[in-house]
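Right, one structure below, let's go through it.
Letters A, B and C mark the chains in the order given here, with residues in each chain numbered from 1 onward.
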Amino acid sequence: MIFDILDTLGTIAFAISGTLSAIKKKFDIFGIFVISLVTAIGGGTLRDILIGNVPVTWLTQNYTFTIILFSTVFAMIFRKRLYILRTSLFLFDTIGIGVFTLIGLEKGLMMDLSPIICVLLGTITACFGGVLRDILCNEIPVLFQKEIYATTCIFGGIVFFILKYFQVNDDILYVVTAGSIVFLRIFAVQKKWSFPTLDM
Amino acid sequence: MIFDILDTLGTIAFAISGTLSAIKKKFDIFGIFVISLVTAIGGGTLRDILIGNVPVTWLTQNYTFTIILFSTVFAMIFRKRLYILRTSLFLFDTIGIGVFTLIGLEKGLMMDLSPIICVLLGTITACFGGVLRDILCNEIPVLFQKEIYATTCIFGGIVFFILKYFQVNDDILYVVTAGSIVFLRIFAVQKKWSFPTLDM
Amino acid sequence: MIFDILDTLGTIAFAISGTLSAIKKKFDIFGIFVISLVTAIGGGTLRDILIGNVPVTWLTQNYTFTIILFSTVFAMIFRKRLYILRTSLFLFDTIGIGVFTLIGLEKGLMMDLSPIICVLLGTITACFGGVLRDILCNEIPVLFQKEIYATTCIFGGIVFFILKYFQVNDDILYVVTAGSIVFLRIFAVQKKWSFPTLDM
């Protein structure tokens, strides 16, 4: 139940973030909607295709699509205010990353995959939508260059399996995992942590 | 039967359009063939992967591949004349969009998906090949910036379901749906209709 | 057995080649790892998705992932020396192409696909990782512009089916097919063979 609410929040946040990116790129309103859709469902779609969970979830119901459609229209109308509110947007986006990582981890466990692969699936779920958005906008994915974005997903995955090892109750497991991702990302962005690049 | 003929025409048109794009980009003849192939099969492939219809159709027979190979060679040889004939190319391409949308709609219905999702599948089938072509050529997909390209597919999908609701005979359903897409696109391009972009 | 060894060698070579590309692009160490992973598994993943062999192989065991992780760390540490050793890197990469083509051919045969489609699958397996690497780095895939890269895979596929026709023993079949790809590529690069582009 709380899972579904968080999932919806994450989808909304990603749709809004995709919409704002596409507006900045001067895409027309149809292009904006495509980028919004791709940002919100890209990660889950790649995960489902890789594990063979097809038809992918968002094809089998109208809920996700409708949520994204409304979020996009909302973001297009209130785009100037949202820009001012970008701190709360960052928070939504971060919640999205936390929840989507969790969903990927759980799906991996359901398929009896190993912990390392589950963490990878969680990271793909949370991050690939943004990568696709950047590819379609013809930019180098921000994931590869700034902040410790995906690393927070890996960190969350490790927290998840440590708690799992100690057989913590599921509700606590979910809240602490997603919470640790959100916390680490906020902390990392405030401290301007980033990974080093290497000289050739 | 008429369906198969139109499908073949659409494949040929997309292969030719991919070939001309790649020649303009100065790709070598192998690269030209890859772009041609991707433009012609990209949309149907993504659709089949999303709905779990694998192995994807063009892997299980030689027909599609052979058609694309011949179309590419043909387009390479007659590239200068084809450029002059770009009006008829535009017509072929538009027929391709009409037919591919129809195929996507039908496949969605076969999977018992909702009308909204069927329209989305039709649009993906018709448009994603061109998006892939643009990504591989390292350009921002034209789909997001010019003309009301994908919107004609959505319009066709709506026509399709209205006719379906009135239980129109299948042959008429197919011809009117594809025809309405072709007609709207030609009309829209002549009137230079386009979607607005948004200011930030 | 020799197959598994060659597969591992190919994976290592592709991971190292991806790592060096990403370092040159100034990606951070996380981005470097993603590019390394994508280069090494991209081709096999697309092949498996297209033929419906899901969950894809590298999800169901830790071996591939671990190999790539170590290869990447190794390549990051020894990046300056590897650059000097780029001749041996080229050799590894070429071995990778040979072996990955072979694996694609065999998987196609297992699915009873036609020879043309098997050759296509072999080529996808060997080449698509590099295409993905270039797309993520926001460059036009080198595959479309330089050398006769993918063509060596097609050549190897033809050799494979000729030997198959004469019912050659499997070990010889594998060694000669992969060997012919390696040989042709080295020869082609030394002779600076390339395909023509076409004037408009």
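Simple rule for what comes next: a contact is a pair of C-beta atoms (placed from the backbone, for glycine too) under 8 Å apart; a residue touches a chain by one contact, two chains touch by 3 or more.
All values derive from a computational prediction rather than experimental measurement.
A.B. asks: Could the interface between the copies chain B and chain C be described as same, meaning over half of its residue numbers are common to both, or is it different?
C.D. replies: The interface is built from different residue numbers on each side, given that under half of them are used by both copies.
A.B. asks: Compute the rotation angle for the C-alpha superposition of chain A onto chain B, expressed as a multiple of 5 degrees.
C.D. replies: So the copies are related by a turn of 120 degrees.
A.B. asks: Please tell me the distance, in whole Å, between the geometric centres of chain B and chain C computed from their C-alpha atoms.
C.D. replies: Once rounded, the distance between the two centres reads 30 Å.
A.B. asks: Would you give the residues of chain A that are in contact with at least 2 other chains, written as numbers and ranges?
C.D. replies: Touching at least two other chains: 49, 52, 135, 138.
A.B. asks: Could you list, by residue number, the parts of chain B that touch chain C in their complex?
C.D. replies: 22-32, 34-35, 45, 49, 52, 54-56, 59-62, 65-66, 76, 79-80, 83, 135-138
A.B. asks: Note which residues of chain B are touching chain A in the complex, please.
C.D. replies: Going through chain B, the ones touching chain A are 49-52, 111, 113-114, 116-117, 120-121, 131, 135, 138-141, 143-145, 148, 150-151, 194-198, 200.
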